[in-house]
Each structure stands twice: as C-alpha cells, then as structure tokens.
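The structures come next, written out as structure tokens.
Look at the two complexes coming up: chain A is in both, with chain B in one and chain C in the other.
Here is the complex of A and B:
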C-alpha cells in the first residue's frame, strides 16, 4: 500500500492507495499513527485509491480514530469507493465516523 | 451431460502476505470469468476473512489450507479446508455495531462480514479438518462495471 501525507492548513491529509488488508494494516497504522503528534490533531484520510478493505484494515482505522480522539482531535474520511463504502456500512463504521464524498467537504468539516 | 464450471484451486499458509496474494489471484480469476465486480469483491473479502481468522486463531501455522473457488451461473462457491482447531464461523457472536468510537471494541468484524456477505455459509468437521463452504450471489455485470450496494 502506498501512503502519502501532506499538510493542508492545520489538517494532516493522508492519501492511501492499494489494499488495506492484513498484509498492509500494521504498516498503515504505524505510518499514519506517527503523524499524530500534536495536541488536538486533525487527520483526514483520503481513500480514493483504496479498493479493498478487510476487517484488519478497519481495525487499523479504528485504532487511529481512537488515538486522534484521545489527543482531543478530529478525524474524517473522504472519497470512499463503493466497494469499501459497503464494508463500512455493514460494519457500522458509516454511522460512527465522519465520512465525506469529496476532500473539500471533509476539510471544511474539520475546519469548522 | 454436465457443463464444466470454471474452478480455481490453491493451497496457502494463512499468513497476511500469502492471503493478500491469494485473494488477488482469486479476484483476477473471477474477473476473467465474467463475475461482476461486487460479487468478486465479496468473494475475495470472505475468503480473506476466513483465512485471516485461521491464521490468528487456528493454531496450525505450518499446515496449508486448501482452497477452491467455483463459478456457477448464479453464484460463486468457495471452500476452505484446513487443519486448524475446530471452528464453526457461523457461531461467532455478532459485534455491537451501534457503539461510539470510545466504546467500540477493536476486532470481531471479520466473521461478521463473512456471515453478512455470504448467501450460504456451511461448516463441517471432517477427518480432523475444518471444511467451510460459502456462496456469494452473482449480480448482473453492468456496462459501468459497478453496482450500487444493496445491503440492508
């Protein structure tokens, strides 16, 4: 899985590409987790390039969300493909997370 | 006279890397045989979750599981035979899905996905091995290549 990060305003934006499965989830959690360094962090993960997410990937996402919340921050997900969205729906993640169709919407929500 | 049905067979250790490679092969196989994108994704995900559970809890790290995937006109049928500890995936408890982030447990979702995505899920313990069989309903392949989700 490819992971790229950038800062847009005060939000850390992570762009992931590939499969977020058991083979990638630990590295994903470690790499993205290392970006959560400041108090009240704002973290946006762009899933446009992620086409396969397993329960191991969901676990990694949940760990990151818990970590952001514990630091007093906020988290959002954007640009989720239909196949991944279905997995989020089934597992209740859709109602639990802030998920946006477009990156701009997610950035606006985090800024608000 | 019976019509030959496309069949994929493999054996694999239940390591994350091996499972990733196997599910990619299965997705390519299903795509090559005209299975719609959604059913292909579901079949690969169910296979991944059953094997991941085997790798985590099966206590048989050195004994490969045998996999078969068969494309039928209306469904994809998968079978996993492994020498892990006896385990019926139908009996695992459902996770609580309506909890907040703070209260949500880490884990427990894999077998839930297996049960939700499979139209049938069968299990038997035969000759000291687990035999898990699942079926995924096929949709109509749309020109756009994707279908709206229809989970309830």
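Here is the complex of A and C:
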C-alpha cells in the first residue's frame, strides 16, 4: 500500500493507494499514526486509491480515529470507492466515521 | 552444544590423519569422538548417533566424501548436521564442490592447530544456535497445534433430528486460516428456542483467537443466567451485554462482527440481531434467496452501551438460513477478484434437500476458486435447514 502525506492549511491529508488488508493495516496505522504529532490534530484520509478494505484495515482506521480524538483533534475520510463504501455500510462503520464524498467537503468540515 | 559435550565424527581412510585429529580434538577438550574409515561407515555412524559435527575427508575408498555429502543432502540431514571437509592444500575444486553440496566449511591438511580450533568451535557454535532456533520453532508449533485442537473443539457438532417437535438439521463449519483464528460459531437450545451465533474478530491469528474465545465464553456464560430465556428471546439484550463487556477498555480497537439469532421452535419465528456482520442468506421452499439486511448496530467492542435492534422473519418448513464470515465472500482468486456473495446465493439456491452437511462442499468450491492461494481469512458458517 502506498501512503502519501501533505499539509493543506492546518490539516494533515493522507492519500492511500492499494489494498488495506491484514498485511498492510499495521504499517498503515503506524505510518499515519506517526503523523499525528501536534495537539488538536486534523487528519483527513483520502481513500480514492483504496479499492479493498478488510476488517483488519477498518481496525487500523479506528485506531487512528481514537488517537486523533485522544489528542483533542478531528478526523475525516473522503472519496471512498463504492466497493469500500459497501463494506463500511455493512459493518456499520458509516455511522461511526465522518465520511465525505469530495476532499473539499471534508476539508471544510474539518475547518469548521 | 559446548565442549566437551559435543559429539564429533572423524572420517578419514588414513589412520595417521585420524589419530592426529583425535589428539588435537582431545586437547581442545572434546571427549566424545568416533571414527570412520570410509563413506559407508560414516553414514552408518551418522544413522546411529546424533553428531554435532563431522570432519570428512574427500578422497576415500568405498564411498568418498562427495558420496557422503550427496546422501546427506538427499535426505535433508545436511541442513542439521555441519560437515567440515578435510582437504589437501592443492585441492580447491573438490572443496568448492563440497561446499556446493552443503558442507559448512573446510580445513586443509596439514592441520594448523589454531585454524582447526577456530573452525571447529565456530561451526559448533552455529550448530548450537540453529538447534536452539529449530527447537523453539518446534515448541511454538506444538503449542499452536494444541491451541487449534482446543479452538476447534469450541465449535459444536452438527445436528440432525427433532427438537420440540420440529424436524431440522444444523451444519457447522470452523476453519481458521492459520493454526488458530478469530471466527466463532455456536448453536444451543434454551427453553423453546434454538439459538444460532456466528462471530468474526477483526483480524486473524493468536490475538484474534483469544478475543474469539473470550467472546464465546461470555456468550455461553449468559446461557447460565436465571434470565437467559429472556435475554435470548430478545437477542438484542444478550448482544448488548456482550458488547458492553467487550467495549470496556478496548484500547486495541479489536472488534467482533456478530450475528445472533433465536428461533422459536413452535412457530418458526426467527429474531436476529446483526452487529456489523454480513447479512445472512434466507432461502425459502421455492429456492428463492433473500438477505436479512436489518442493521442491528455496530460490531461488538466499539461503542459502549449500544442499544441493538432486532428484526424478525418467519422461517417455514423447507426454509434454510445460512450465516457465514467474510473468509468465504472475500476469498481471492489468482486475478485478485473476490468470491463474492452471488456465488453463495447460487450455492444456497441450488442445494438439494437430500445433501447432508453441504458446508464442506462450499469450502471446497472456495478452495478451488483460490487456486492454491493461501486461505484469505478464517472461515466459519452455520446452516439451519427446517425439514419440509
């Protein structure tokens, strides 16, 4: 899985590409987790390039949400592909995460 | 294996060479030294004794050093038994061949005492380390095998017969992807109800197995409570208790998708709660397959004090209910496409009433689809069939 990060305003935007499965999830959680350094961090994960997520991958996302919230920050997910969205719907994660269709919407939500 | 406990075999057809080596080794403190005069004797000695090191001459009558190395390579023992090849100073090609055959190192004649000591001791040290690693791996494998046996025994046996006047069968399957896994499957009777449970921990391996065993134990503990019948008549109650217990202090964010259902045996009314799990497959008597999609709430272990929602459907004689984990639906073929849910629906729609225990066949179909790829995830399934 490829992970790229950039800073847009005060938000850390992570672009992930590939499959977030059992093999990739621990590295994903560690790498993205290491970007959460400031107090009240804002983390946006762009899932446009992610075409497959397992429950181990969902757990990695949850760990990041927990970490961001513990630091008093906020978290959002955007550009989720249909197949991944289906997994989020079936598992009930849609109601637990802040998910936005476009990156702009997500940035606006994190800014507000 | 340190001196002087190491067992060493010296193989050389020249008595003077053997004597010299024996004396040198004895001076280094080694006390258990055997000798052989050709390759055949060497192989016989290696068969009989668990050596830590063999000093092997190359040119010998009967069977030479190459022959010994080839024999040890053939049966794999070369990986466990270090061989130091003895060669004359001008023999480089034969030494190279011996190393290629798997010899650990070489020493040249006439023996330099310092070099001999260094080679022998370092080879023995390497052997001791690899023995340690191998034994540790073996011990872990034994432990895991035992854990697997215990975990598989948590799954109840299948059932076919009549309960409370209703004729039915239950097929059960549990197949962890590694030695142990995070899927759980159970069924039991409480009062006038049959309870079905299927869970999937958000990972696989030993950690998931502990979470699985914990969840299973708590579920079974609920059945011993005085209010068990009430808890399972409204399975959202039972699931709520499980969730609260699993969510408390769950820093690892490990979660369990779960399907808990209770069937009123008298009426065929099935009340189910789906906690983030794949919607079960319901096949009616005409072969039509529908999905039980009602969302009962998030997976267990994530949100404390969740109020789960139940839904109720009627199961009629001839109906079947299949609940399974994503080890089936997310199995991958060589082109990375998934097995999916349509194939499961087709399998269920085409089931013949006479087929006993069809879940094994379904796993077989998934394995064919995977075409030799390692199992994607743990698999668990339960199939309830009400006789017509």
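Just so we're on the same page, the second predicted complex is superposed on the first by the 112 of 112 C-alpha atoms of A that agree within 3 Å, B and C clash if a C-alpha of one lies under 4 Å from a C-alpha of the other, contacts with A are read in each partner's own complex, and residues count from 1 in each chain.
One rule holds for everything that comes next: a contact is a pair of C-beta atoms (placed from the backbone, for glycine too) under 8 Å apart; a residue touches a chain by one contact, two chains touch by 3 or more.
Here the structure is a predicted model, which means the values were calculated and not measured.
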item: Partner chain in contact with A:69 - chain B first, chain C second, else both or neither; value: first
item: Partner, of chain C and chain B, that touches more residues belonging to chain A; value: B
item: Which of chain B and chain C A:82 touches, first, second, both or neither; value: first
item: Chain B versus chain C as contact partner of A:23, first or second or both or neither; value: first
item: Touched partner set for A:59, first chain B, second chain C, both or neither; value: both
item: Chain A positions touched by chain B in one structure and by chain C in the second; value: 22, 54-56, 58-59, 62-63, 66, 90-92, 95-96
item: Sites on chain B touched by chain A in the complex; value: 16-17, 19-20, 23-24, 37-38, 41, 44-45, 48-49, 52, 55, 95, 97-102, 104, 106-107, 109-110, 112-113, 116-117, 146, 148-149, 151
item: Of chain C, residues touching chain A in the complex; value: 200, 202-204, 251-255, 257, 275-279, 295, 297-299, 302-303, 326, 330, 377
item: Residue ranges of chain A touching chain B (in the complex, touch as defined); value: 19, 21-24, 52, 54-56, 58-59, 62-63, 65-66, 69, 82-83, 85-87, 89-92, 95-97
item: Residue ranges of chain A touching chain C (in the complex, touch as defined); value: 22, 54-56, 58-59, 62-63, 66, 90-93, 95-96
